[in-house]
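The following pair of complexes shares a single chain, chain A, combined with chain B in the former and chain C in the latter.
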Partner chain A sequence: VHLTISQSRAASSANHIQPLLVDNAGQFFSSGHTNNWAVLVCTSRFWFNYRHVANTLSVYRSVKRLGIPDSHIVLMLADDMACNHRNPKPATVFSHKNMELNVYGDDVEVDYRGYEVTVENFLRVLTGRLPPSTPRSKRLLSDDRSNILIYLTGHGGNGFLKFQDSEEISNVELADAFEQMWQKRRYNELLFIIDTCQGASMYERFYSPNLMALASSQVGEDSLSHQPDLAIGVHLMDRYTFYLLEFLEDIHPASKTNMNDLFKVCPKSQCVSTPGHRTDLFLRDPGSVLITDFFGSVRKVEITMETINLTDPIKQVEQRKYSYVDQLPVSEIIHQKPKQKDWHPPDGFILGLWTLILLVFFKLYGMKHLKHIF
Partner chain B sequence: MATTEVERRRGQLAALSIAAVVIIVGVPLWWRTTETYRAWLPVNQINELANLQLQLSADVEVVFARGTVTPEQQKKVPTQVVISLCLFCSSPLEADLSLHTLSESPCGSLVVYVIPESSTLLPEDVDVYIGQRRTALLRIEQLLAHLEPRIKQVLQVMSFSHTDITAALSDRVRLSPGNKESIADSMRAFKSSPGYEITFSLLNPDPKSHRVHWDIEGAVQTYIQPLLTKLAPLANFSIDSQTLYYAMLGVNPRYDSSRSAYTLNSDSLAHVINPVEARLGSNAASSNPVLNFLLYVPDAHHSPLHIHDHKKQEVLSNAFHSPRWGGIMVYNVNGFYGPEAVFPVDININMAKVMGVFLAQLRLLLGVQSSAPPPGFLVAPCSSTGLADWELDRLMWSRTVENVATATTTITSLAQLLDQIGNIVINDNIAQQVSSAVTSLQLAVAELEAGNLGFALQYSKEAILASERAFFDPSLLHLLYFPDDQKFAIYIPLFLPMCVPILLSLLKIVSEARQKRRERQAKKD
Partner chain C sequence: FVFIMRCNFRIVLFLPPGLYKTPGRKMQIWLFYEELVIRPLHSGDIYASFQFRTVWETDFMRGNKVSHYRLFPKSLGQVISKFSVRELHISFTQGYWRTMQWGQPFQPSPPGAELWVWFQDSVTDVDGTWKELTNVLSGIFCASLNFIDSTNTVQPSASFKPLGIGNETDHRFLRYATLPREIVCTENLTPWKKLLPCGSKAGLAVLLKSEKLFHSSFHSQAVHIRPVCQDWQCKTTSWELRQTLNVVFDLHNSAQGKREWSLFKMFSRTLTEACPLASSSKIYIDITDNPQGEQFEVSPATPLLSQAVVLGDRRTFSVYDLTQQITFGTVRSLNLLIRWKSSEGDMLRPLLHAERYVAGYGLQTGEIHTLMYNNHPYRSFPVLLLDSVPWYLRLYIHTLTVTSKGKDNKPSYIHYQPSKDRLRPHLLEMLVQLPPNSVTEVTVQFERALLKWTEYTPDPNHGFYVGSSVISSLVPSIVAMDTNSTRERPLFSSFFPCKEESSYFVRVYTEPLLVNLPTPDFSMPYNVICLTCTVVAVGYGSLYNLLTRSFQIEEPSPGLAKRIANIIRKMRGVPPL
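This part shows the complex of A and B:
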């Protein structure tokens, strides 16, 4: 019963580990995060708001393509456009006219759908105050080393964003929610992108550190939609997200593009509204922040230099047979007893019986009672 | 005349009594029924917690072997136990084992045996030998003045040091980027959590060529379970395993003709994990952090596959790990069959070799391993569980401090939050959780000061559970924000129609009373 830890290179191992750690520490230092999360929310329903669902799905597509897995994405869509009965091409959501790019695909995992997308659920996801029965896929399980991307789109106004045409979230509530996230160290850095009318008002009230925000239009301006598709009959995308998607299509997991390029997306000539951004709460310089720090999921890795030399023989574990046949027979599991059918007399018989009773009654007591019945 | 007078009097009385009812009964009733229910919280104690001073003490017993102290020094030195040590044992390991029979030290404490300089028990360049349990052998020169700093050094390696505790407190104290290695260490290990899930996955991208068998249950029972049983005071562990077929690495390995093998260099390793992670899955029921250990058997066309580090040297373990995620090992099987084999080939994986790597990665990810010991120190080979007692103690110290720091942050920020946002309802169960968290925290701090590590860890775990339950209670969602103008807009249509007649009648009463007084004055004159 003897175990020895063997270093891979005996004497120089100490020297070998140190530079490796410094290299990795340098890499760690550049961003300080170890995992990525994304919360993508579309807040409007009805067929004519097709473009909001297409916006959210195109950001979802880019984020998945750059490496963030579904288990780390919380996708909230307030309405189902792909299976809407007004969709001439069911099971598709296009982001480009002439139906070039189907952003729905066959690999979409929507976590909150339809009427589940409410202000309360959104705030619960952000702050983590979900009921204990909520499954893992509906939770934002971030820690203090997570970079989170939050994308909101829908109809908004000065200081609020409309959810489901019946309620709204204000910029104060959003700022408070981010502060609660910061207090519990639920994020390392947070990028907030909003594509609505007067979007810049939503990030005015932020006060927690390490937040960077982008909006598609300033206060007093409307965000405009891009192009209608005549076959589908609605506008397919909003301008800001359209050009954002075009920008993201050029990014691949190893690219070194930084945030300053993201700020230049969709200038006034293309967008008609003036996109805005806010970086005063962010500790790092935006020029040193990579796009893949938020949109992708580049993992840090370290080579495993040490192994443990195990010499024990493997214990034999008794084989438990996991076959359903050995468990309860099916009939006992389903508990099917033959249904006790009560005997009913045939239907015509009952009708005839009542007719007879009525006739006898009226015969006996006189026909004058008949008018009270009919 | 009299009747109108009576009527007027009755009217005035009615108006006055209505106004009295509204002001005395109505307004307080409305205030009480519209205020949010907030149970009492121990705010003073919470504020005291914010200025917490942590004091850690570890019991150290110093045992002098015969021949280390002269009789005069014996009188001066406070600890008086002198024993005869097996100075002629051939290796320090045997001496260590024989010392275990003497006493069983409780967790958190240390025993240092001081042996004379002339002893040949330790090799030439080694002054300190750290045993498997909680013992250390220290060789000292005749001057006892050097004793205290040496023992302090031993303590720093075996129990806790200033940097360790500062790193564990990084939740409360924002770490200034002083020590790069400690930052990398703190980013690598998982944060303290009441439970962890460990998943072992076998990736077989080429089932047509390789039929891979692994005895994962036996391997887990033999190699991993002892370590997890030892770590049981820290957290609950749940283990599962799976086999994934047709799971490729996301990166194309390059063929290196000089070594006639395929290589993965260190830059491309970062992109390996993401395509695989989408297929791994996890237990939907729990929110515990997941550690993934993947064993990749390369397909027949890309065998053998080696991992190269920054210096283009082959990595012996052929494995790499990612901080706070898990580890991946590449297991080459092309050596098990020749070119004339009939596919698919049956392959049995050597679980001892695989588990050796995974166990080392597991230790790193759970925060056990730290930097290499200082020069002159020799660490005993590992015990059968893969974890020495003092390493467990070290982990328990840092986890306890981390738990205390996290629980304190949670409670203080919850109190601050509830103070700031007046709209949140505080139920009784939340107040109870907060009180129990505060009590557990105070107990944990007291136990840390007393040096009872086991109890301190238990109390700190209770504190964390209670504080997390209080902070993340679903009922603590603040009622949607009501700006002041909206509040006025709601109440004015309700109260204004009622208040206007009352106010006007009161004004009328006042003006009539004034007029009467003026008339009386005029009559007098």
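This part shows the complex of A and C:
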């Protein structure tokens, strides 16, 4: 982003190209990260938890708008609200009442959906321990120069977050997962946002460096929802994420707002709960961290001077005659040979039965008849 | 100085569609066709079917490495060559196709997701390759296809013959699976649209807006990949990718009860141009029931008419050719309008349709009934019924009965593979001859199994789904079918290959079943722990206190005045009060 601005300025003033480029390039690399990832998780199922899906989708929408591509976003939605049969307007998820803003949009890619959103899959995505056949869109392929944004929403309590009404993840597990990520050098800096009841308890146990955390409520407080829509019949958003979305709508890819403004989002007068944050594990000063460091995207550009050889063309194949197959060949099907059954030695029961019969016979009629039979 | 940007840019080469020559090689042929068929239905609803066909003359078989992709999407090409796929058919459907009200669809599909694949005979481990293929496809289509495993995959022995060319039909290389619970939404449509050469920017694909498409009675999108004959001699193969989208719009939801349909009302868009990469881009409107224009009126009028034999019937269509600029008129946009004048006339009854339901009561046993209707007045024809039932419904095959018109109807071929708990499902295939003008009923009893508590889904009281039965049949046709497969035909009539003139192949899907399994009370462990802890605390605690508590007599502490007096007396050396 900074590079494009410097290029347009360079075009107008030829004399100041060199120092300006160098200055902006220096600023470009000062933050230390070269790519951005986002893991956005909604953990609640059922229609009355519409607001959690709307929360996650509004953060997804902001993150996409600020430049992170779908290939760098892992979106996990535990239930389908847009095409749910209870939704009076299918293929839409609204965040504002009177259906003003459709956060679902026309270009959405959900990576984990429905029953796939489990604690195990979430931790596997974070730590990278996925089975080898997992496709790339479901992996978090971050490296040690990645800034990752992790957003969780759902129902939670003191020290846990509930997944799909059947299991939960504790703050200790989450902290250990982040420590694994740190030891495997899977992130440069990580921003963790959680919007649940008693959300601050989830970041209490973090101990890895370069983590910054935000929560919508303190321990002992509930996060409240914003407003219901009478046509849809459920609450559309949670308060914290509603004001977070309003804040993010003002951010554009080149804006200079920093984290201190993010901490001021949704004060107690608007949110009723007290949002909390934690920056003691973060090495840089939050005032120097731009919002776009986590919510926007940095494109990786590599300048190379070598030429690349293209491969040789592929060979031809020989020709033979082909034909289509009969879709319902009745005579063939009827005369399909039955599969050769493996020969099994006779059952013990049958052997015993025959032995009994033979014994009784020879007992009755005497052994002298043996030679007549055999 | 080479500046390589590893960004998400797509450089579109502007070459004329059709032929492309690489230096030193023969001409490679890429062709792309798109069409839309609109069929007004008698109930006032309207059926729209999109087909996008990309044909590419290349050879994926026998491990050929292909490196240059143009109109054919690279993601699918890599899937075909990596997993040695001969044919791939995947469909995502929301809703159930009502055969009696709507007739037969051009491409049938069951509710949920369905995937069936023929592998090439060079594959040694078909099951391992199948598992990897489903995982890769789940990433491409953003669907939970990774839930396809051995518990819902079957290997049909006679159904699902390959739709492309080929001489070998060893059913060891076929795998079939359905996920009836799978939801279809915009996230499945988005990657589907990205596979098209023009994307959703030009041509017929601009009409595919999710807010209108999913607000319908039926929505189905599918991808079919198969090898086809390049020409009538059939010496070379081409790979064909067909992307189909069938949607039925409801009269009351989308048209507010007025029997007047237009492209704008159906899709909230109008057409402005054809896809520049398409060799042919056409819209067909079925006017067979409206020869003199007495039932409905189509505007703008078009002089082009075409007749095609499809689904055993000769149908007449008005054709709008989008590659001609004259179609768009002076306003440069095409908005077809279909206005109904009278609502008389009834539809031809479909010759074959089927139903399925669960009978019985309670949570222990039940019975599955499948009914197949043959509505032909005097011809009987054979049907092949494929049933795949999950292992937790234990079928009692000795109770299987097939009756037509009250009498027992013995199937001429039965293939049954019993299930193994948690390993594979039941597979039942039967070839039944349906007598004319009759109902054939297939019943089988089952018993419900008890699952382990970790095997329940997070919402087990919703129930468990049993996939649709598949009924494949050669139905006698009213008019002679065209057996020449390589002549230029509209796409909707060339989906199923036709070998004889007197009958056509059709596949009918029944409803999926929803059965309740005995579900435990998942709050029970928590309740038990609370109760036990209370009983232990109250009972044992009281007993422990009684046994170990000792009593001591203690003087109450004296008042303030007395305490001061005691202190003074102690100082004086006098015994306290």
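The working rule: the second predicted complex is superposed on the first by the 270 of 374 C-alpha atoms of A that agree within 3 Å, B and C clash if a C-alpha of one lies under 4 Å from a C-alpha of the other, contacts with A are read in each partner's own complex, and residues count from 1 in each chain.
The working rule: contacts are C-beta pairs under 8 Å (C-beta built on N, C-alpha and C of every residue); 3 or more make two chains touch, one makes a residue touch a chain.
Owing to the predicted nature of the structure, the values given are computational and were not obtained by experimental measurement.
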Original post:
Does the superposition put A:136 against chain B (first), chain C (second), both, or neither?
Top reply: both
Original post:
Touching A:83, do we find chain B (first), chain C (second), both, or neither?
Top reply: second
Original post:
Now for A:120: first (chain B), second (chain C), both, or neither, which partner does it touch?
Top reply: first
**OP:** Please work out whether A:269 is in contact with chain B alone, chain C alone, both, or neither, and reply first, second, both or neither.
**Re:** neither
Original post:
Which holds for A:144: it touches chain B only (first), chain C only (second), both, or neither?
Top reply: first
**OP:** Identify the partner contact of A:306: answer first if only chain B is touched, second if only chain C is, both if each is, neither if none is.
**Re:** both
Original post:
Touching A:185, do we find chain B (first), chain C (second), both, or neither?
Top reply: first
Original post:
Does chain B (first) or chain C (second) touch A:71, or do both, or does neither?
Top reply: both
Original post:
In the superposed view, which residues of chain A touch chain B and also chain C?
Top reply: 69, 71, 131, 135-137, 299-307, 311, 313-317
**OP:** Would you mind writing out the residues of chain A in touch with chain C in their complex?
**Re:** 45-46, 69, 71, 80, 82-83, 89-92, 104-111, 113-116, 131, 133-138, 164-166, 299-307, 311, 313-317, 319-330, 333-334, 336
Original post:
Can you name the residues of chain B that touch chain A in the complex?
Top reply: 171, 177, 180-181, 183-184, 187-188, 191, 215, 217-219, 221-223, 266, 269-275, 277-278, 282-287, 289, 307, 309-310, 315-317, 319-325, 327, 329, 351-353, 355-357, 359-361, 363-364, 369, 372, 381-384, 386, 409-410, 413, 416-417, 421, 471-474, 476-478, 480-481, 483
Subject >> chain B partner contacts - residues on chain A that touch it in the complex >> reply: 1-5, 8, 13-14, 17-18, 20-26, 28-29, 32, 34-35, 67-71, 119-120, 123-124, 127-131, 135-137, 139, 141, 143-145, 167, 170, 172-173, 176, 180, 183-185, 253-254, 297-317
Original post:
Inside the complex, what are the residues of chain C that reach chain A?
Top reply: 1-8, 22, 24-26, 59, 62, 64-67, 94, 131-132, 135-136, 138-140, 142-144, 146-147, 157-158, 161-167, 169, 181, 183-187, 190-191, 209-211, 213-215, 227, 229, 233-237, 382, 384, 412-413, 431, 457-459, 472-474, 485, 496-497, 499, 505, 522
